[in-house]
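There are two complexes below, and they share chain A, which is joined by chain B in the first and by chain C in the second.
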Partner chain A sequence: MTGTHASNQRSSSSSAESAGSKVLDQAGMSWFLATARHRVENLFEPGSFVEFLPPSERVVSPHLDTFGLPSAFDDGVIVGRARLDGTDVLVAAQEGQFMGGTFAEVSGAKLVGLLRAARDNAELPRAVLLLLDSGGVRLQEANAGELAVAEVMRAVTEARSAGVVVVAAVGGRAGAFGGAGLTAATCSAIVVSEQGRIGVTGPEVIETNKGVEEFDSKDKALVWSVVGGRNRRLLGGADIYAEDSFDGFRKAIGEALKRASPFSLKSLRAEQKRLAKRAKRFAACEQAVDMWKELRVPDPAAIRDMDDASFIALLEKHGETSHDAR
Partner chain B sequence: MTLDEVLRSLFPKGHTVKGQGACVVGAGQLPAGGEIAVVGIVDGQPLSPDDVLVLGQAVLDVVEAGGDTPILVLVDTQGQVMSRHAEMIGLNEYCAHLAKCLLLASREGHRTIGFEYGGAAAGAFLATALATDVLVAVEDAKPEVMDLPSMARVTKLPLEKLMELAKTTPVFSPGVDPLFKVGAVTTIWDAKQPLAEQLAAALADASSEDRRGALGKERGGRTVSADVVRRVIEAAGATG
Partner chain C sequence: MQTLKLRHRAVGPLKGKRNTGIVGVVASGNCEALFERTPSEKTCEVDIRTSVVGFDEVWKLVVADFVERASPGGIRVSINDGGATPDVVMLRLMQGAALMEGN
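And then the complex of A and B:
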């Protein structure tokens, strides 16, 4: 999608470098730096994760070879079921380090299958976790990828209508851009960490198309303030803020699972109202910090340097919420 | 096709479709009787958060009114707006909101028809045309996920090679025909024939069941997707 993915396919490695290599013990280990496989193996109760169509089945992209690109035996998406603190869940995890975690024919179909399974089979867990880490659509499979996003979005709303809670979690190196950004906003609830970036068109693509005056993609602080997790959570674009660790994500996802916001005329009327209010309220804001001031954050410039605990405390009073308005 | 040509050919019995910025909203008279609600993003303009609010409101009003009035979504847009401000306030939520309004309408018994007669790209494509039950397009429409020169830049493949591949590989080529082959476009309309009749046929065929996987397989443009979906469902079922 208009190069959204572009930015992420390119920028993921540089953002990883900037984060350094702070791999700590298991519980405190960085979610941002972990691979998708590491996430599904360590987020859940030990031994509870069962994979559908594992790499041994070699379900690979039939298209990458055409472009002279290597394929992966899971096409960059892992799907399965597991148990999170006593709750059975279905789970999908995108590997941001393989083709930017992109939606493509096979990777997208795995997500669609998982969501339709939840929609149709009441014997399966009534919760789906989407551990998003994606720049959007895989351009080498642009039509199949774009269509897969459309199928995923429809399946998410159908699963929600069938009473399934669908939770998106964003905190990986590729963020959630393009189709992944739209997918996140289609879910019942969204978890984000400070490093989790959410948007449609990536900063680099906006800069390429509209000029550096519109968006200077090399200005890290600016990019952080526009698409970063703290801005998203403050405005209500994400529901629950997670610390960048396995414990942090486990706790935040656990909270999100309790938010079975129905998909209905009522919830979309509420979302319409919420988004209209936001567009109006921040229409004149040039910078994210102006929006935070508008939210009556006492010292908006300090958002940048405060630790997670202080930020979470601040959210209680100043964070917008979107409960039942998605 | 221009918007005027589209509306004239679609609604010989008249319509109340009016412009509102980059959007149109209103209703058209169906030849067989009854009305179809019309919303659209037109004249090749970008889809902005404000446009989403106009269109979302109109779709939710149709749902609120009850009944089974179908909805036609006219699409001719260059894509979602590219701006720092729109991203800053959460453009992803706005785009998803419009898609969700259309998906809700479909679920509540309003058949939704997307009509791609101009451009479409990226998130705006997902928010509008791809969120309908049936997507139709005229031959000379120009939908694309991304244009080939930009694709060449991002994928670091020579443009000549991409252009060569595009001739034989519908999975990534821009345009109506490749999107038909992968199952995104249900039917290609003939712009020289009255659109009213073709719309009646699309309405008769509309279903809220997502059939795009089967279409892509039948047409040879997306051969493995449907099977992967089925295998995941079976594997999940085996653990149920």
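And then the complex of A and C:
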């Protein structure tokens, strides 16, 4: 929606100005605007984040140079372990600003390696956080990228089968599209903010293939009403809604870790049932507002303009929930 | 792609005990700068990888200015450039030095 960017330019509060270089109020700072590195350094208990394959190891893409493109020392994915409010977790964070946070050979291998490590080693933390921020596969290394997506999805389900809780958090500038959208769908729980977008085919791609009459990707209100965090959460495409701040995501992820349902044939069947019911229930809806009407939201047109507190209050009465599914 | 290797002599070693640090992101108009300590007391190495060719002189001037301002002896900076303007490069360099000094 058009107000999204303006509402994110939240200025730092006065409490942050006291300590030298701490110009920004970390707790209230926008998740949407933060870099992946900023996220992993500020989401967790101070000093608890330990990175695997840090930038100094220079594990970079073997392909980008061929295209005359600059590499990043972490290939746009940061992996490691940390502690979130007393719980040990493994974490992977995608950098949405580098090549659109894409799945590629090295960045994909880092995700797969982390998930497989969780699957195979009971002494490692039993929770994995995927801080997704990606438009999907990196086109310059498309074959490796597609394989990476498939391997990541398999690794997520295998880790879940081994009893690991895998939580996806979406609220960055690139959203979670393509392989990132698919990956999110395989997780135990999905956390999303208003700014977060989740989908498979991105708005621009739909417009290119089906025409502007089908979907106008420049109409931000339309885009957010369909793929945006509020619609996803209302319809049960995401499980927990986060305010766009570090505190907001910390709280929502903590809740997701507690609430995540176990992974079994029973939960898969419940999920299948839930999705079939949803497809049927909203089949006749032409627009997002129609779906919100179907959910019996009192004033559906007001959803996009209300503040987070009002939206969270509304969710308690009207959001689709999925206790036994996912 | 072009690689520039610049070598400078700083007045003294950069303060702080942090061994490595990274600032910035390889994005349009931005760059990442990886800072690492080297055994040398006074040498500052800056290695730049960029797809934007023809700005060697500007890079040299910005890096020389940085060395004068921060005295980053015993530091190797490796930059992956996404087309950052000189002011952004200077910002990243000063940010990286501050990170290594622990401020």
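Convention: the second predicted complex is superposed on the first by the 301 of 326 C-alpha atoms of A that agree within 3 Å, B and C clash if a C-alpha of one lies under 4 Å from a C-alpha of the other, contacts with A are read in each partner's own complex, and residues count from 1 in each chain.
Criterion: a contact is a pair of C-beta atoms (placed from the backbone, for glycine too) under 8 Å apart; a residue touches a chain by one contact, two chains touch by 3 or more.
Keep in mind that what you see is a predicted model, and the values were worked out from it rather than measured.
Peer 1: Just from the overlay, do chain B and chain C fit on chain A, or is there a clash?
Peer 2: Here chain B and chain C can both sit on chain A without a clash.
Peer 1: Look at A:Phe215 in the shared chain and tell me whether it touches chain B only, chain C only, both, or neither; answer first, second, both or neither.
Peer 2: first
Peer 1: Examine A:Gln97 and indicate which partner it touches, taking first as chain B and second as chain C; both and neither are also allowed.
Peer 2: Only chain C is touched by A:Gln97; chain B is not.
Peer 1: Report for A:Leu124: first if it touches chain B alone, second if chain C alone, otherwise both or neither.
Peer 2: Only chain B is touched by A:Leu124; chain C is not.
Peer 1: Determine, under the contact definition given at the top, whether A:Glu194 touches first (chain B), second (chain C), both, or neither.
Peer 2: Touch status of A:Glu194: no partner.
Peer 1: So in the superposed three-chain picture, is A:Pro55 touching just chain B, just chain C, both, or none of them (first/second/both/neither)?
Peer 2: A:Pro55 contacts chain C only, not chain B.
Peer 1: Mind working out whether A:Arg37 is in touch with chain B, chain C, both or neither, as first, second, both or neither?
Peer 2: In the superposed model, A:Arg37 contacts chain C only, not chain B.
Peer 1: Contact-wise, after the overlay, does A:Leu114 reach chain B, chain C, both or neither (first, second, both, neither)?
Peer 2: In the superposition, A:Leu114 contacts chain B only.
Peer 1: Check whether A:Asp239 is in contact with chain B, with chain C, with both or with neither, and answer first, second, both or neither.
Peer 2: Once the two structures are laid over each other on A, A:Asp239 reaches no partner at all.
Peer 1: In the overlay, answer first, second, both or neither for which of chain B and chain C A:Ala72 touches.
Peer 2: It touches chain C, and chain B stays clear.
Peer 1: Would you mind checking which one, chain B or chain C, touches more residues on chain A?
Peer 2: Result: the larger residue contact count on chain A belongs to B.
Peer 1: Would you give the minimum C-alpha distance from chain B to chain C, in Å, for the three-chain superposition?
Peer 2: Nearest C-alpha atoms of the two chains are 14 Å apart.
Peer 1: Please output the residues of chain A touching chain C within their complex, sorted ascending.
Peer 2: 20-21, 35, 37, 54-56, 65, 68-73, 95, 97-99
Peer 1: Enumerate the contact residues on chain B facing chain A in the complex.
Peer 2: Listed in rising order, the residues of chain B that touch chain A are 49-50, 52-53, 56-57, 60, 63-64, 79-80, 82-97, 99-101, 103-104, 107-108, 121-123, 125-127, 130-131, 144-146, 150-151, 153-155, 157, 165, 169-174, 178-179, 182-184, 210, 212-213, 216, 221-226, 228-233, 235-237, 239-240.
Peer 1: Report the residues of chain C in contact with chain A in the complex, numbered from low to high.
Peer 2: Per the touch definition, chain C meets chain A at residues 1, 20, 22, 25-27, 30, 32, 34, 36, 49-51, 78, 80-82, 98, 103.
Peer 1: Residue numbers of chain A touching chain B in their complex, please.
Peer 2: By the definition above, chain A touches chain B via 1-6, 9-10, 50, 52-53, 59, 62-63, 66-67, 79, 81, 90, 105-106, 108-110, 112-114, 116-118, 120-121, 123-124, 137, 139-151, 153-155, 157-158, 161, 176, 178-179, 181-186, 198-201, 203, 205-206, 208-210, 214-215, 225-227, 231-232, 235, 237, 263-265, 268-269, 271-272, 275-276, 278-279, 282, 285-286, 288, 291.
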